[in-house]
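Below, chain A partners chain B and then partners chain C, in two separate complexes.
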Partner chain A sequence: MGTTESSIVDAARGRPGLLLVTLLGGLLLVDLAAKLAGVSVGPLGGSLSTGRLGSNLWNGLVIGLVIGLAGIGLSMTYSILSFANFSHGDLVSVGAFTGWGVAFLVAGFGDIPIRTLLSVRDAGSATSGDIGAHILATPGAVLLGLVTAFVVTALIALALDRAFYKPMRDRDGISILIASIGAALIVRYLLQFAYGSDRRGVTASVEASNLAFDPLGLSVNAHQLTIVVAALGLMVAMHFMLQRTKLGTAMRAMADNKDLALVTGIPAERVVTATWIIGGGLAGASGYLYVLLRGTIQFDFGWLLLLLIFAAVILGGIGSVYGAIAGGLVIGIVFTTSTIWIPSDFNEAAAFAVMILMLLLRPEGLFGGVSTA
Partner chain B sequence: MSADEAVEESVEEPAAEATKAGTAHTVEGDAILRIRDLDAGYGDLQILTDVDLDVADGEYVTIVGPNGAGKSTVMKTVFGLTTYMDGSVEFEGNEIHGLAPEQIIREGIGFVPQTDNVFPGLSVRENLEMGAYILDSVPEDQIEEIFDRFPILRERQEQKAGTLSGGQRQMVAMGRALMLDPDLLLLDEPSAGLAPDLVSDMFDRIDRINDAGTAILMVEQNAKEALRRCDRGYVLVNGENRYTDHGEALLGDEDVRKDFLGG
Partner chain C sequence: MSGDGSDPNGPGSTPDSATGALLDAARRSDLGLVLGTLLVIYLAATLLTFTNGLNSVVGLLRTLTFLGLVYALAALALNLQWGYAGLFNIGVAGFMALGVYTMGIVVRSPDPAFGPPGFGLPLPVGIVAGMLVAAVVGLLAALPALRLKADYLAIVTLGISEIIRLFLQSSSFDNFLRGTLGVGTGGGRGMGMPQNPVRELFLVDGQAGTPTAFGELVFGALGDGGLGISNSILIGWGYVAVLAAFVIGFYVLLERLGRSPFGRTLKAIREDELVADSLGKNVNLIKIKVFVIGCALMGLAGILWFGSQGNVSPTPQFMPLLTFYVFIAVIIGGSGSNTGAVLGGIVFAAVLFEGPRRVGSALRDVIDAETPSSFADALVSLDPVSLLAYATDNIAPLQFVLLGFVLVFIMHRRPDGLLGDRIETAAAVDLSERPHGGETDE
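Now for the complex of A and B:
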């Protein structure tokens, strides 16, 4: 006992920040328990239904999976190409627009002009309700859209690499980072040019799409379930690719040591190409799924999401694929549960506060030092 | 002089009377690696000037010399990792300068860099598999052969290479370079960073690799031990050839000993 206590005291002396954060976290938990029990003691407590907490956690999980999925590609390009890719957020938008264009085309083919459908625009009298894109009403269209989002975004990512990043392969990370901001702007305003700048509804609302889980008082809708299933499926596929295939092993090898990979005979450019295809594809898929969650789309939503994606990747330990997923979940859950204590206008601030705390207390991140593994 | 020192002296002085070390840098007949008048460096900085070097089939050749003499640069140039300026690098009759490392591996040369020579996040087995990346399928029999050569690696095959000791990592690095059964193995300071009692084990392993028919070109700080073991040695100074002879002859040469082997 004596040794345990003194080691705790030592740890507190050595890292007062950690102590403070632990105390604050404990306080929040006590407060949460008091709120759930409906007790209020001074400033603590209040009331909170388990249903609200449950749906906060569930929503956090769904958003977290989308952010984590997008973060995988960002972390991979960081570890294999050694630069922070600021055009990643706009790849997320590319996936959303191209994917939903095709989903609309399949769902609304016949009655509405093809151009309108492909541009994800409910022009004229047609509304998103008329097109009726919904996982329950038009599952084929929604799935085909997801595949399109992956494939087209992968190709765009590859094209950006060939046009901008490949010629700069030997430059330092800062130059390529600045180039990626330029690429981000080009992609964003091409999207605005092609699809317009207005924010619009995409998915139709379908009655009975809410599946209520009564014991928890939690309501789960079919689109959230689709996101969870699709995101987990892609993550598991990613895990097997990295751990069980020759290409995945080569990716981990390159992330470990590029020079050694070169003298080992690993064809670097082929691995880089695969990295863009997979990382870009996952970014596109996550953008497409994010629209399924929000129900609306606008040309710069990926850019706005990029900050949260960066927060997730840094929180998880930049360069680690598994860290990106874990970081995404933490950011997602903080994002939604923080509204228990603070107005929802500030929930992004809460997500970043958690990231900054992580950087202060554990700079290497959750999975720090473990590149892609 | 104590008895111990006397014994050591006699080991280090195989040729009783010191002879003049040779300066013929090429071998008669066929060499698998034939470097002629090589100029190379990094960017604009030239390190090597008119270097000649031969490795015959199955031969064990060591490059020694003071720090900054360009020993590692010779090796890296063979592997296409430096800036080539002039001269020729022929392997088995084909000019190989300008080839990508991947193609040089295909020609039959393996390379073990000095430091950071394993992938720490990959398992031992995955490290070996990466050595055969250019093959369509994993050569299981070759992995077995390497496990027979380094039995500890069979036990540790699922362990991450980053968790191994220095000596075991060096085995993984050599095993990886041997995956394609190269005709020539380039070793850059294999004893660097090893605990002293592991150094002679390491040299024994290199002897056995050479006995199995693989030619060795090695750069080594531990010059006395390296020269004692090798067939021939090159002494490089300021990026130029200085002496070339049988290892024992270089060890016995007064000038070589005084200038480069610390007396």
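Now for the complex of A and C:
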């Protein structure tokens, strides 16, 4: 918080809510400790194995990394172009479908008709087992798919920008937001038109793909490991790009203060182009990885994921790339560990509730105030 | 349109009653505009289906009018929040779900033959309760959320609408309600709606085959005894008349609200919050009020819409897509204009929502080719006819693509909607022309 008088007043006004949330969080922690110890005191406590907590945390970490990866692009477009991009979730789906089409093409080439492969099993009757895409069986195909997802989604994001958003650069955020809802509809339903509407399995099952860590009771899947490595790799690359390159510096400048950046002669349109390429590409990659994690694909999964991505971005503070990653991790862990207390019907609702609380208590986010790009 | 100067009394003259407001609207040709649009839509629909006989024409017209009116209701409620006060609420679906579910829970019998139990109270109580719950949740959402920037408010309301849907979907919540209050939501299977009173107007206890005196008269003249229109369609038209009355009610309410000092403050807030604040208006209180009123109206719109459909279920009926439909209706009409909202609702329902499906299926009947099982198959066949067969058989996704393009196009070219040239009277009197002068409405 700042040091001016008004912000102190604001902080004081926000405090009762903050206090309540802190108390609630503390209570949950105490309850968690009691559950782990197997003690029950009144409504608190119960029993919970460390193994379950561990696997909840691990699953949350994996989902969180994917959401954070998608959130980077959303956060960047939000800060540099000043609008909430509702078509971001559908870019996530674009990456998944195009990436898996190519991964299938490589994995199942020769035995299975190309139209079945490229349409991610919409046409034809081959099962995912026939195609056999799996990181252990066909690592090359899975990696190539990831690259394709990045590249194709980046191009589509750029095309959407040129067609829809560029003519609206000087308009207010809400107008562009509405246009982005239109873009989202176009992309999502073109995907449905081209790839069909049914949910289907994608990855094949391979024996011995689970690596168990016995002491913690954790079971780590080879796909989860792939996701962690790929997501962390992309995030580190992003970090170096932002901190070490001229483009990254320009992006951070644009995000911090657009007018000042323009005055200093930063080529705004070029930075915007780069933003779409990187943000869109990361969204596509995260969609591809999300399907690798879940094993199934459906035309609107990215849209359904969008609110979680927004939650991550808001949690971390809009405009902050590192905030988006941290927010993604928090949302992912809330998503999986909330099932300890509430029925699994509500884990998504819990993540949204965390987002809403954050917006109400600290709208600038966890890392608010420091715009790191 | 308010800009046409043919009005002898001056556009600023105040309606002194509901009928006065209606006449006023008609004189300024707004009503004429709406009726004209309806007429064009009716003509097109008749042309599309007249070969199938009178019954299907009247049935299609009923469907189109029903959809047009329910969208108009929802669009009017949203217009109050967004058009008047600039509150970007994209949780419309959630508030409609709250209204209709509360109504269902309150009215359903305590031990029904099937489905979740309810409180078994009369229908009017249920409707009021539905509006109240929507309003209270709106209040809870608004109290803190209105401090946020417009796009944050959008995300928060979308989140709230999804939370509402997830709760209604959840079987745990259903069981919890059954355990504590003895009522239920039905979870993912949904809930049967109470009998529509309009049906009882035509049929004794709503049972088919036992018409009331009024039903006898109508069925005799237009139904089996006369023109041969099926009874269910005639009852449907009866409900359409009720909806039309509600649309008029909403319209008059919002028009009067918009012209009141309160409404002018709203528009001032939308245009420049800082100025309104500096002039001593309690901006936050006014925003909360308008948000709550809008949410109550959305609850009512949800009741009138989905409460008449026999069965409601949280998915897919109350997905955020529903909110975007309503938004498109408002945007087509131009946000801020009540006539625009009604017109947008009607145009959206007929031209964008129902139209493509009908045209698609009509085209499909003409095409003599087997539908390929997937887009890839259609492409591989290299046959434009089979591609067209696939497209017309899968018209639903293409319809959404069309909706998307319409949204983008309107935002690019006509951000003020179809009635974009409308001069909005934010002032009590129309400042662009003042033929008699000196009139005030305070």
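By our rule, the second predicted complex is superposed on the first by the 353 of 373 C-alpha atoms of A that agree within 3 Å, B and C clash if a C-alpha of one lies under 4 Å from a C-alpha of the other, contacts with A are read in each partner's own complex, and residues count from 1 in each chain.
Note that in this section a residue touches a chain if its C-beta (ideal position, glycine included) is under 8 Å from a C-beta of that chain, and two chains touch if they have at least 3 such contacts.
Fair warning: this is a prediction, and the values are worked out from it, not measured in the lab.
In the superposed model, A:I314 lies in contact with chain C only, and not with chain B. Of the two partner chains, chain C is the only one touched by A:A84; chain B is not.
Of the two partner chains placed by the overlay, only chain B lies in contact with A:G265; chain C stays clear of it. In the superposed model, A:S119 lies in contact with chain C only, and not with chain B. Counting the residues of chain A touched by each of chain B and chain C gives the higher count for C.
In the superposition on chain A, A:L23 makes contact with neither chain B nor chain C.
After overlaying the two complexes on the shared chain, residue contacts for A:V236 are found with neither chain B nor chain C. Of the two partner chains placed by the overlay, only chain C lies in contact with A:A183; chain B stays clear of it.
Applying the stated contact rule after C-alpha superposition, one finds that A:E348 touches chain C and leaves chain B untouched.
Of all the residues in chain A, the ones that touch chain C in their complex are 17, 83-84, 115-116, 118-119, 122-124, 164, 167-168, 171, 173-179, 181-190, 192-197, 307, 310-311, 314, 343, 345-346, 348-349, 352-353, 355-356, 359-360, 363. Remark: chain B residues 79, 81, 101-102, 105-106, 111, 113, 116-122, 126, 129-131, 133-134, 138, 176, 180 touch chain A in the complex.
Listed in rising order, the residues of chain C touching chain A in the complex are 88, 144-145, 147-152, 154-156, 158-160, 162-163, 166-167, 169-173, 324, 327, 331, 373-377, 379-380, 391, 394, 397-401, 403-408, 411-412, 415. The part of chain A that touches chain B in the complex is made up of residues 246, 249-250, 252-253, 255-257, 259-267, 370-373.
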